Structures are given as C-alpha cells and as structure tokens.
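The two complexes that follow have subunit A in common; it is paired with subunit B in the first and with subunit C in the second.
On to the complex of A and B.
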C-alpha cells in the first residue's frame, strides 16, 4: 500500500492535510473491508465452536443445553444480525466473549499480545538495522568476497523455513549445549531486574529466528537499492570531495536507499506477525501465535475476529506510518 | 536531514520500549494458594528437614484457566490433584471407593446410596460433608451444561447422616462410571456462582484432593501443587508437584532427556513411539507399559450409503486390511491385531470368544465378487451395481499423524482388492462437521479410554444410532443392538452387566459398524530413580491419583 501510494511522484500540489485526510479515508475503507472479512471467514469454516466450550465428551452429553448455550451466545441468530451486533460491539469497545478462554476477548488478547509485541517489534528494528548495514556493505563491495559471503549466507538462511530454523536452534543451543531454556517466556518466580534478564534469556532464540527471517529478506532489498544508487552523480561527487568510504556509504548512499526498506517493513509487518506464529509454537512462547493457533482449532469466532483485526490494524498502521515517512525520506515524492 | 535522524531514533526507541513493555508487565493472573503446605522443619526440631520430594511432570495440553468446570484439560488434571470424585476406576477396571467409602444400589437400579468418608476436609480446613456432596450433584445438574444428562436421570438427592441418596427417574446402570468424572466442589465457593463456566475467583481452585493448588504461571507454563498434609487418605508421597507445559512434543522429550522433567502426562494420548529408542539409548529413562484402554486407530462405516451399507462389503474391507503392518509401521511394533469386538482385553467382561481379525485378500476378493462388483474395464477398480467405479470417500484427521498414516495404509490395502479411495484429510472441527453430515463412506477416528466406557460401555457410545455429538459415529440402528444397549443401561446387576457386555461385543462383530485397526501397548516414560508407579487406564498412565500414594524416589 505504501509503495502504491508513494512510489509515483505527486502530480498535483494538494494541501498536505488534504492528502493525509484522503489517505486516512482509504485506510478506513480498507479497515471496514477487513472487519467484514474477519467476521465472515471464520464462519465459513466447518465446525462448531460449542464443542470446545463444553468439551468433546461433554458435547454429546449436553443435549438440549447446547441449544440454550447457542442462543445465549447469539450463535443461532441469522448472520446479518450477528454482523450488526459485532459492528456495534466493536464501536462500543466490546469485542465479545472468547469461547475458548471463557473470558472477554480483550482480556484473552491482552495476556498474549504483549508477548508477541515483545518479540516482534525488537525483531523488526534489529532486522532493519542489520539489513541496512550488511546490505549497504555488500553493495558497496559488490563482487568482493564480502559481498559473495554475505549474499550467499543470506540466501541460505532465507531459504530455510523459519520453524525449521527454530527447531534447529532449539535443538543445538537449548538441548545439546544447554545454553538456553527449552522454550516458554520465563522461569517463573523472579521479579524486577532478574525477571527482565530471565525473559531476555528466554527470548533470545525466538528473537534470533524472527530477526533472521526478516533481515535476510531486507538485506536483498537494501543491497539492490544501494547498488542502483552507487552510480549516481552525487555519489561520485561525494567521493571526489575526498569523503571516507564510510561517510559516503552511511551519510549519502544509505540515506537514499532507506525508502524501499521502510516500504518493505510496512508491507512485511503482517508476514512477520504470522511468521512468529510457528516460531512461538516451537518455543512455547505465550504470544498471539499460540492464541490464534488454538482459536482456529476451537472455531472461537470472537477471538479470531479480534486477533486478525489487531494484526490488520497493525499492518495498516505500519503502512500509514510508511506513507507519512516516505516523503520525509525522499523529498522527490512530496 | 536532522528531522529524519530524529524520526528514526524515535522509532527505534519506541519499538524497543514497546517490545520490552511486554516483559516488564505485571505478572499474569495466577491464583493465590488456598493453604500453603510446603513442608518445613518443626520449631525446635534439631534434625534437618528431609529434602522435599518433587515430581516434575511435562505435558503438551493447552491449559487456559484453572476453572475445573470450564477448562477441559484442567478439569482432568484437577481430578487427579486438587479435587476428589466419589469413586474411581480401580486397576481391576471396577469402581473403587474414594470419597464414597461404600455404596449400595437398589434392585431396580433406581436408588443409589453413597456413604461419604467422615474424615475428609476441604483445603480451607472445613469438613467435607454429605451435604456438600448433595450440593455438588445438584450444582452439576442445574448449572453445568456438560452434565445435562443429570436433569433427565436424577430425580432427587437427599442426605441421611453420612449417606447421600440419589433417586433416579429411570434405572441407570452406568451411574457409577459417570460419577468418576464429576469432582465434589465446595458449596462455600460455588453456591453463589450462577455460571460456573465464567467464574474466575481465586477460590475456584479449592478442593479436597491430595494436592493443594499453589500457582499457575502461564508465561512460565507451570502449575505448582503442594501435598495436602491433612488428606483423608493420608499425605501423598510427593511433597511438591510441578506440571510443566510445552507446546510441542519435541520440546517435551528434550526436557525429559535433559532431566528438566521426570515424566510425561496426557489424557487419552499415546507417547510417540518414535521417541522411545533415543530415550532408551540415553539410559536414564525407563518405561512402564500397559494395554491402552481405548482404540488408537479405527474406521467406521456410513451405513446409509450404497456400498458400505452392505454387510458383505464391510466384511470384505475387514479382510483387506493389513493389521500387522499398521501395528508395526504406525505404532512401531507396540500394536497388536484386534478382534471384531472393537474394545481391547483391558475392558471388563471382555469377550474372548471372538475371532481375531486377519488380512485375507483372497477372501476379500471373493466377498466382493459375490456382490457382483468386478473390475470389467481393467482399470484396477471394481464397478458397483450402477456400473461406476467404487471410490470410497475416506474422512480422516490430518492433524493426528497416526490417524493419517493409518488412513493411507488402509487406502492402499483397499486399492489392492480393487476399491478406489478418495482421502479427505481435515482438522478436528471440520472432521466433526463432515462426520455429523455423514459426508463420508469410511471415517477414521480414535476412541478414547473414557469414550469406550461411555453410554452402555464397550464402545457402544460411538455406534448407537440414537446418540449424537462430536466424537461419535451414531451409525448402527439394528434393533437388537439398541435393545441390548438399553438393557445394559438399565441394570446395575453385575452378572447381568457381564452378560450384556459380552453380547454387545458379539453384536459389534456381527454387524461391523466399525473396525479397530490396532490395539496398543502404551508406553509411559519416567526418569530412573522413581519406583512404584501405579497405572491408571483412564487418567493417562503413571501420573494419576493412585501413584501419589505408591510412587517413591530412591
């Protein structure tokens, strides 16, 4: 979305606030479509959410009580009525009740979202920084052993399924070497600084996997972007002025090569979140991945709706931020 | 350009702060202990306190909350730890006394009288009385959707001293078995709770069981229970019980191998046999074995469809299957070939007069020929009466590896005798929907230990056509089978029950509504140094209510 709206230079000079409002309107329209799809898609899947609510063996024993329960949860109402109730609930901040967690959806998500953000946000930032530095370096020394080594290494990691990489790291560093725990987020019992250190110890391996997953993709984007810029006159000018290589690369070249990285980061935000799903399962990390994984199995409509909505909003927000940042990074697109 | 630098720095800082916010957040909800009972040396006691016996159990079950009513898996766990049932299933597969020290059943099987132990107490120290038991039964009947059957069956509950008397609306011979899964809950906690499924009060973990709930930390994935020093059957041999949760079996096995846990627990699941050789090679893991009470791989027939409604066709399918191969390859040699009676010999009143199933391709071909279904066009698939190829829809669970592999092997066996197959591999919820819509010819499923005991027992709960629900096939409507189920449900007379149990197995073999593909020896790993485990067929191997009082650590 960011690439679509920003890659083409503006043809008319609109007032900045009007442009922003127009973009916001488009994002709102996208949000409405997403909200509607979020409602519809889980209901298209076969299966009965009540089975999870009363348990497999309780399901057959419940008899008529199931109908009462279905009515109580509004699952026997026509879809348009359920949709209307869902929209009203969203607007009033009521996201419904989770059949799986048997608590308000907001509470269930609050327990898990922070763990996913704790994992994903640092991963995205570290991956972007790594990609910028290593991608820039590889491009600057294109054709050299550094470039070949970095590019080959990136392609190797990029080609690995990230859950497989997660299993590999778990096996080597946790099981064989015993340097890290076999998953989960804490050892329990600690508070304050020891607690944070303990969480960091548990977080490191999943963080490495998600960072690697994102950084290897970004690396190629940055490398190609830098290579395309290196032939520009202003780069030659900077070199002619006698600036050091590092200064030319980091102050002049990378600055102009960052715009595609911002776009890709925004577009990839959803992919990183979904990629974290399987990594979370491998590392028994109590984040949104395990929540969504369980909610799909249980056909927990309200929880699925809310989880996907949060992810969609995060992606839209990331794209919106990219839209706002892009003109700052590249004045030609203002 | 300064603006860009500032923006970039702000973005990095914000993201890292947001990232660490999750870590720095308040500890997640966990209930406070009802009565801490960690063993300590008595004041003035000069001898050093004995080292507490800690048992660390690993599990992959997806626990959500510590409400025994609403969380299926915690309900199973709490039945072994913090809560008690009136009776339990003994090692001889007969009802054994627990909170009810004795019981009597009237001749017409409509009045059950339970005598409650007079020395049981709740974890808050108050006595557990017969009145509390009455409250529990009425509470389940009135408030728990899962116990909806009680509304039809239990007419009244009265108390006479230590006796709780149940009057039923009709004879119900399976009542004792049913009551093995409903723990007695304290009136002081639940009497004001209208909807037990949504209750989240910290006192919901209070029970009367051998362990007192201490904590549940979702981020650490760990339950901690401590021994109930005042337990009416005596203090358990374990001082502290930890249940550690892993999302994958691979992580759990690594933890077992590394000594982070002592054993494994699952209800109705099998320990993956592929993990047995490496654990044995390590040398510090031992295995207990027992014949599994359920059926880990089975097929059911859609008796409403042309081909599978033919008994001769079902017999042909039974003759086409290579049972030994399934036992060897899918269950790593821990399986054995079943009989046509469906349930394994661990069941009480097992009918040992039924013939063992055996692969006989020639017989299968002859049976199919006798129906006139032959391959006339030479494409390797027989044609039915309508001259079309016989291609069966095989509905199976793609999320259960052993079920999927069994399906593929049966499909190959059927193809070898000229029956085409179309695999429909789906997740559990979709499987249930397709099964209930009868959208299959053959359905692959697994029968849990408890599932084989439900209804009129011996697997009848899966096949009686009058039943409904997620795990059952409800495909057999033969009048004599239904009448036998009714008769079995209506009697509590042990001799009559035995006769009817054997009849149900015989009829199953005769009508073949489903076929067990294997019976297995379950393996239960534990670290060396632990002895005296008791195996509980229902609650999942060595981790169970009986082991707390028999297991010792060297």
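On to the complex of A and C.
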C-alpha cells in the first residue's frame, strides 16, 4: 500500500525553470516508461510469454492451437515489431481479452473503474476537509490535551492496516449490529432515487475507511504546516490587528496550509487508489480492487496488465491536474 | 516548553523502540514462545481454549503458534527490503548529489518516474509473474521503495556541499572521498536512519497487502498470509475474530512503533522541525 509513509512528504524535485509544459513532458516520459514496462514484463518474466500474455484460462482454452495463437499475437516476430503492434493495439482500444469476465479487457475495466472512482473521489475531498479542521485545531492548540489526543488517535488509525479496519467495521456494524449490508454496491432491483439511496447505504462503510485512511496522512501535513505558519509575521500582524482567533485561523493560516495539501493529494493519489483496492476486496465492492483480486485468483494476466496501466494513467492525470491547480491556490507561485 | 517538548518526544521515540524490540525479540525466540509446532494439525476450527489460546484455523493449525512464527516472516521481509531499498536510495542520492550535471538529471528523472508509478498495482503484476517466494518479495519491494531516500540524500548532499565549511575544506584541497566521509555522511546518516525505519514500515505494510491478496509465500506464512487465509477460508464470514484480528493488530502495532521511532529521529536531526515545535 503506502509508497510514501513519511509524515512529511518529500519535496518534489523542482527545477527552477519547471513550467507546466516541462511537467507535462515529464509525465509523458513516465507514461512511456509505464507502457514499455507493461510491454516488457510478460515477455521477459519467467514462463511462456504466450501464457503471460493471455492468462492461464486463455492458454488452456486455446487447446492445440497454441502456435496459431502465438503467431496471431505476433510473438514470433522481433521485439521492436511486437512493440509497434502493441502500441497500435493500445491506442485502438484492443487491450486483449479477459477469459475471467468473458469480454474484452477494456469493457471489464470500464465497468469497474467508475465504481472505484465513485468511492475514492468523495473520500479524498471529505478527508481533506476533515484533516483541515482537525489538523488546524491540533496545531492551534499545540501541546494541549486536544492536540495530544488528536495526534495520538490519528497515529493509531494511521498505523493499522486499513483493510483490517474495514474488516473490523464490517464485523461490528454489519455482522453484529446489522446496520449495514454485508457487501457489494447495490441490493439490485431499485431505480432512480431508491437506487441511489441503496448505493449510498452500501457505500458508507467503505467510504468511512478510505476517508480515514487518507485523512490520517492529511492530518499530519496540515498540523505541521499550520504549526510552521503560525510563526510567520503576517499571523502575528493579523492577531495584532485584533482579528478573532477563528478569523486568523481560517482566513490567514488554513488558506496557506491548504496549498501543500493539493500537491500531497496528487502525490498520494496512487497510494489512496491502491488503498481503496484492498478495502474494495473486503466489501466485495464491484470496483478495480475486486477485479484485480479475482484476476489474481484466475491468473488473468491481460486484466492485471490493463489494471496497472489504467491506474497509472489516473495517477499521472491527478498529478497534472494538481500542477494546473496549484498556482491558483498559491498566489506566490503565479 | 522547549525542554518538556524534547523530553516528551524522546519518550515517545523510546516507547516506539521498546515496542518494536519486543516484536523482534518474540520473532527471535519464536520456537521457544510458540506453544505448538505451527505446521502441526489439530482439529480444525477449534474455539480459543487453554490448549489453543487463539483456537485453530481451517486445517487445524494452532493460530497463536502461527502468529508467533509469522512475526519472523513479516519482520524479516520488512527489514531486508528496507535495507535493500535504502542502500540503493543512498547510492543514487550520493551519486546524483555529488556528480551533478547530466547524471543527476537522469537519476532524478528516474526517481520522479518511479515515485509517480502506483506501487501496489506494479508490485502485484510483477509478483504474479515471478510467483510466490520471500526473496522475490524482498527484491520487488527493494526496487520500489528507494526513490524517497534518494531524494532526501541528494538534497542533503547538495546543501552540505554548498555550505561554507565544505567550500573551505575544498579550497584547502580536500577530495570528494574525504568530504563524503568527513562532512556529508555524518549529516546524511540520521536522515537515512529515519528513512530506513519508515521504509521498513512501508515494506511490512506492502508485504501484508500482497499476501492479503493471495500473493504471499504459502511455505512461510506471514501475518498478511494469515489475514488472507482467514479472509478467504471463512474465518471472516464466520466471525472467528480470534483468527483475523491478532495478525492485523500485530502489523499495526509494528507500524505504530516504527512511526514513533522515526518521529523521534527526524525531530532530533531536523532543526527546522525542532524550532517549529519549540515555538
């Protein structure tokens, strides 16, 4: 899960001349490396590349026609030719066939990705708001009991594997108390408003876990940046002007503390998305996590490759969006 | 204020170190502490009793013995991959910071790319191809977790290089090797230590996630593997909480302990943070 557990995220490597265009070029380079990795892995890893490309089911489904399948996929051609073929296929939407879902990989991904985003995007926003309020409060009253209580509680939630917390919540609130469903995203049958309410009811527990997961990271960042901002001259000035504590905190301090949160959210987008995958498995939520879990069980390699690719693209996009947004939030960088 | 903060944080770091040391000790003494052979078969699905404090699993193995033995697997994967990742990161960071120029740009470009690639899906893909095996996991995690160390080491090297005393030493004819030993390493070491502690935590969590998804080594059962079996073989659905709660709690407590330790090291070594806390 956590690629970066550091409480204080590493500063981005920033060239002085880094403009949006050069950042975009960087992301394109990253995309190129990711795509190439995806191409090379099944061909260089141990085992028959054919099996690595079509998955176990596909391999055995082909029966005696393995050689035909091999040449159909171009595996007897030199690597550069295969690479060209692979890129063309990727661009034209031919991502292979999933024998697990009995449909093209692209369709299986499209079906599951939206459920994951429906879970992750609201969680990120709620987590940021929650962390801004709690982190701001802890920093404002640093050293107090409130601060110590909040920080310690935060650290405990942060340390526990969040999919394990998901199991705990499901055990207490669904198995024992029966307040929430046992899993999945809908009970089926309903449409319109009842459908949305039903989905919301199914969504609440996974949403809580992912929000808590993300908020524990945000809390530390907000708290640390607010503590350092509180020492700035303009905060002293604002206090000297006689502004109320709330006004100083919300209008002067939090505003400046939130800009780093956007960058951090982008950097950690991959981590939160990955974290959500594991939570989905616990709740049998029909998103990318459950898809990946099932694909691992069935050794459906095309599906796993496409999942890696699409999640990586989502992360790159999130980073690019954050780069566009950042100057709007922090006037100093305009 | 200054003094109490300092003492309090050192206490916190010490508590973390003691907690983690307890887990390491338990792992080291696993054969003595485990009440039964972790591979021995008893009756399946036994409830907790004096004979089996945490009951038995679906094939009749004593869960407490598995838990104690699992500490060895989880901790060693974390420590080995942490050591591998941090050594690699230090190497890249020192090279980039010292050589600068083309090599620096190339290495930092690579660091940026690896940082932005979502780790879990990549690690899943590679593990699926490589097949289960503890060393596979160590290798993969080592290759994923080096960039943040490289970044920190590089920026520290750059700032040390630009400081007045290094300029002075250089003017007196000091070579790269001497500067590295005398000035750079002592400055970088506490940060590297903090990074190592955090990387071990990250690696332990990642190993647990991988194993939870069913990609662990069935012959060396880690805490993550126990979670996997409890989840996939009915322990969870049947509310056998003594099966799946303890391994998750152990993982969490280790991460908790390591995080406390890293806070302590970071605060001691980062004067900016110390000042911010003293205010």
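Please note the rule applied: the second predicted complex is superposed on the first by the 269 of 334 C-alpha atoms of A that agree within 3 Å, B and C clash if a C-alpha of one lies under 4 Å from a C-alpha of the other, contacts with A are read in each partner's own complex, and residues count from 1 in each chain.
To be clear about the criterion, a residue touches a chain if its C-beta (ideal position, glycine included) is under 8 Å from a C-beta of that chain, and two chains touch if they have at least 3 such contacts.
The model shown is predicted, which means the values in this text are computed figures rather than measured ones.
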Checklist entry - Counting only touches as set out at the top, which of subunit B and subunit C does A:228 meet: first, second, both, neither? => result second
Checklist entry - After superposition on the shared chain, which partner residues are touched by A:322: those of subunit B (first), subunit C (second), both, or neither? => result neither
Checklist entry - Between subunit B (first) and subunit C (second), which does A:203 come into contact with in this model arrangement: first, second, both, or neither? => result first
Next on the checklist: One more residue to check, A:132. First (subunit B), second (subunit C), both or neither?
Outcome noted: neither
Checklist entry - Of the two partner chains, subunit B (first) and subunit C (second), which one does A:297 touch, if any: first, second, both, or neither? => result both
Next on the checklist: For A:167 in the superposed arrangement: first (subunit B), second (subunit C), both or neither?
Outcome noted: both
Checklist entry - For A:178, is the partner it touches subunit B (first), subunit C (second), both, or none of the two (neither)? => result first
Next on the checklist: Output check: A:253 vs subunit B and subunit C. Expected answer is one of first, second, both, neither. What do you get?
Outcome noted: neither
Next on the checklist: Once chain A of both complexes is superposed, is A:281 in touch with subunit B (first), subunit C (second), both, or neither?
Outcome noted: both
Next on the checklist: Quick check on my understanding: which residues of subunit A belong to both its subunit B contact set and its subunit C contact set?
Outcome noted: 45-47, 167, 171, 175, 281-282, 296-297, 299
Checklist entry - Considering the complex alone, what residue numbers of subunit B touch subunit A? => result 1, 3-4, 7, 11-12, 15-16, 18-25, 27-29, 62, 64-65, 67, 70-72, 75, 145-149, 152, 197-198, 200, 215, 217-222, 245-248, 250-251, 254-255, 257-258, 260, 399, 426-430, 432-434, 448, 450-451, 454, 461, 467-472
Checklist entry - Once bound in the complex, which stretches of subunit A touch subunit C? => result 1-8, 10-13, 26-27, 29-30, 33-34, 37, 41-42, 45-47, 52, 142-143, 155-156, 158-161, 163-164, 167-168, 171, 175-176, 224, 227-228, 230-231, 267, 270-271, 273-274, 277-278, 281-282, 292-293, 296-297, 299, 301, 304-305, 307-308, 311-312, 315-316, 319
Checklist entry - In the complex formed with subunit B, which residues of subunit A make contact? => result 45-48, 51, 53-66, 68-69, 100-103, 111, 114-122, 124-125, 129, 167, 170-171, 174-175, 178, 182-189, 191, 195-196, 199-200, 203, 255, 280-284, 286, 290, 294, 296-299, 325, 328-329
Next on the checklist: Quick check: in the complex, which residue numbers of subunit C touch subunit A?
Outcome noted: 1, 5, 108-109, 111-113, 115-122, 124-126, 128-131, 144-145, 148, 151-152, 155, 195, 198, 201-202, 205-206, 208-209, 212-215, 227, 231, 236, 239, 241, 244-245, 248-249, 251-253, 255-256, 259-260, 262-263, 266, 272-273, 276-277, 279
